[in-house]
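In the two complexes below, subunit A is the common chain; its partner is subunit B in one and subunit C in the other.
Then we have the complex of A and B:
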């Protein structure tokens, strides 16, 4: 029974490789080429830095989206996880001369170990408890970071030296020391993380997660080790967020604990839900909401508080009427608009949402 | 280890903080039991009330008007949210209901930061007249606000306990905590009972906001996220018992303040609620392992 359930799905998926999928692949390729080659040419340095942040945070929202959308777990402490990744990466970058990609993997793995330690007890509990314990954890990490500080080239375990006058910047990879080059580097790392998630979703863990999300008792009855797969998802999310932290360390050069407040974890969850947790596009939309929009508004002189209010309204709207978020709703609305524009009003237009 | 006399003043402030955490925790537990909503905007509505009270005070309104306004604002926002989103989300997972209140938190937080901006280093304070009077036990100075905070915690806990046990509305709330559908079938006006719970919880949020603005700081961020400390107490009580919530809240408040004079730990004292909650969850029985099936994340 269990084997048929699990093995039947991929065969059917493979048969459906058809025109829409080819078109989608082509669109993704074109978008990626545009992002990698055209975008750094046309954007000012201000927006290149912003887009690097978007690339970093798209990994974080991807991780949150996997947890919330695929498995049904909510983390309210992802910024703390990001901070751990950034801390570990900065520490390694100052202490060693290892190549950057290796350090990213190490930061990811160490963050993953920390995430598993937190998740281990919490995953046996119901979802609400996990969300709260991650919130507690984020609060605790914030307190520790405020005291320990981020490494700034000092020595000892913390790598922090409060009396340093000339603080050295966190180094970047030698092939990507300029801002546009580092932007490309960040995008490529982000793409690899998206592919990693895709590889999970299309295979056994993804199917197990889907079953758990539908109904945990049913998944358990179908012989799925729910605890293992939930922990797996948690570990994957921590790994990706840790890698993102490593990329962030190089992007900003100087890290301060004040940049990782607990409330940002909450805002991040809000934008992730708004972007849409059922599609990987949602993660990109969420990162744009979280990093690009504030930069844009800042440029226009509009207070970022309006965005916080918008995110709050967005969460309520997503939870009450449009669970799949903007990534799902905008294409639907655009398609509907297109139909209206083409004057095909003979039949009443179908509902835009559900 | 510093001498005992260094700890003494912190016993009083810790108990006062614990008292406010206790009345907040009781509000959260009662609302959760009656409606299934863990109200994460509790701190934000309290902060909103306190800031409005501050503005009214600046405009020349007498003290008692500002305090009532604070409580009324918090209660009405909470009731409004409950009336709007309570029914829409009533069939959803507790997790979804809790996350929805994050939406309200963000809206209020953005509004507060917009209207009472802290950029430029604006510092506000809300002082209650009870700060001035007081008495001393031995060497320790105690002001009336601290007495009120602890007393409010005790009174609210005992009062809520009695209310749930002996009144018709309280019985209805307990019935709904058990099973909403059956309670509705028995003819209990479910919506009205829920509205009462929302209103009560909101009023408690206002009281907590007023007291915390005086005891801690009148600052939107601080007050909004102080709810996390209360959540620790609520978690230790497993969102169930108000007695355990009370005890846990007092312990959280007391331990937090008692760590202040110990130099090696003073920087880490804000971790107290998190560490206590984590330990409590670790020893939580495995009964709650099985998650309910849910419609959406």
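Then we have the complex of A and C:
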């Protein structure tokens, strides 16, 4: 028995860059170039603004995907984290003249610190209980924001002045003050965040997360500090969401606490699951569902409230038939359809003359 | 060498280990007893998943209980689990290499060590790049064993590694388990209900019943012990 098992010496351990990988890289490049250069040309301003929101929320769903898909942690407080990022960025943008990228990083780091503070006690919990705690946190932040308000160019710690008549907009970077330019700017920031996550997934944290998600005992038994890596994931997700908040602040110019309702965290998790939490494409699909679809419906004069029902059905569909989400299911189904059609063409239906 | 004195573990009102003391010297040692006797709890204490109410554990002169669980694993306390815990979506290589994530070895030395461990368990016919989800139950067990023996372990805890395996794979596993002390220099402790496996692997064996040590010594003598027969083995 042992002889038959030992026989061969180990073959390749790591795969070299293969053809599918090259094709994937090419597809990504073409899509990005199209998004950056062609989209702003062909879309109306309405849809350019929408796509800016898609870029912003793709970062949020990316962060949610890291937590849910990579580590197996469910957060229902992501909208509150986004709000913190937006608040911090708006405050810094009004108060200082620092360059925009620096402010985005600062907003990310401060939001990360807040996320870690929440995470420290919360990470002792899992599953439903962690979800509950994060939801409560989101609720608390909403209440605080409703009282404190978003900065509107006032002074003091909160930066809010209720008696201002002419409220100045949150500024944008000078190189990206127009809507199409800011759209490109948002996409580039989103790309950087996707690369940041990719760098994590492909290296030690990614392997540790995979181990933790699949078997925390095994991870511990291999000497992985599971607590540290879970906190790390929480920190990374908070950082990315904080940066997204910073981009959002410039995108909308004026921030109001009612734009960050607690229940949106739940919808966000739903679309993230629908898009797919195991691939980064899922985050893009989720953001399109979350921001582009409602804009489309609005444009057609259909109430976007229908989407809540649609998302409910969508999550049910995904959880029962495609755990890896639409980002995994749709290409597979299309490939299957393609094979089916090709098969039909090659082999004429019985009874036809040849 | 591992010395355990006065170990007590309680889960609420249930006492799982009751003032247990025992010593394992070297080689592969057996730990047997009926279900609920406290064998897995003992492993959980050693690997740091469970904090005992009282007692001390010294392994090779080191106070184990003062170390955090992941540090114990890095120091050399390794284990397999009753329900196999090989990570499906990672490759065989990455499953084993997990242990080296925090080691100070260079990349080449790590790779060699990981491949050595895989070969030691007799898994070399499987490509190290193969995902664990493509392996059979027996091969997954071996991946777990490889993860437990890679990177100079000091203490290898095997929790029912042969559960559910066909006879042929069990006999291969026995060869592997017997080889662990020589291959790694570690003390191995085997928990199993398969007495032929325990007899084949372990020179000495300890028996737990209701959280207490009821016998220990050379395996053959322990298996003939009247108390052990009454509490666990039953009359043939």
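In this section, the second predicted complex is superposed on the first by the 328 of 354 C-alpha atoms of A that agree within 3 Å, B and C clash if a C-alpha of one lies under 4 Å from a C-alpha of the other, contacts with A are read in each partner's own complex, and residues count from 1 in each chain.
To be clear about the criterion, a contact is a pair of C-beta atoms (placed from the backbone, for glycine too) under 8 Å apart; a residue touches a chain by one contact, two chains touch by 3 or more.
What you see is a predicted model, and the numbers here were worked out from it, not measured in a lab.
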Touching A:222, do we find subunit B (first), subunit C (second), both, or neither? second
In this superposition, the partner of subunit A with more touched residues, subunit B or subunit C, is B
With the two structures laid over each other on chain A, which partner does A:199 touch: subunit B (first), subunit C (second), both, or neither? neither
Which partner does A:307 contact after superposing on A: first (subunit B), second (subunit C), both, neither? first
Output check: A:137 vs subunit B and subunit C. Expected answer is one of first, second, both, neither. What do you get? first
Between subunit B and subunit C, whom does A:175 touch in the aligned arrangement: first, second, both, or neither? neither
Considering only touches as defined above, state whether A:214 meets subunit B (first), subunit C (second), both or neither. both
Looking at the overlay, does A:122 come into contact with subunit B only (first), subunit C only (second), both, or neither? first
Which partner chains sit in contact with A:33 here, subunit B, subunit C, both or neither? Use first/second/both/neither. neither
Between subunit B (first) and subunit C (second), which, if any, makes contact with A:267: first, second, both or neither? first
Do subunit B and subunit C touch any of the same residues on subunit A, and if so, which? 214-215, 217-218, 220
State the interface residues of subunit A toward subunit B in the complex, per the touch definition above. 68-69, 71-74, 121-122, 124-129, 131-133, 135-137, 139-140, 143-144, 146-147, 213-218, 220, 262-263, 266-267, 269-270, 273, 277, 303, 305-316, 319-320, 323
Which part of subunit C faces subunit A closely enough to touch in the complex? 47-49, 68-71, 73-74, 78-79, 81, 85-91, 93-94, 98-99, 101-102, 111, 115, 118-119, 122-125, 127-129, 144, 147-148, 168-169, 171-172, 175
Mind pulling up the subunit B residues that touch subunit A in the complex? 38, 85, 88-89, 92-96, 98-100, 102-111, 113-114, 221, 224-225, 228, 231-232, 235, 267-268, 270-271, 273-275, 277-278, 281-282, 284, 286, 288-294, 296-297
The answer for subunit A against subunit C in the complex is residues 1-2, 4-15, 204, 207-208, 210-211, 214-215, 217-226
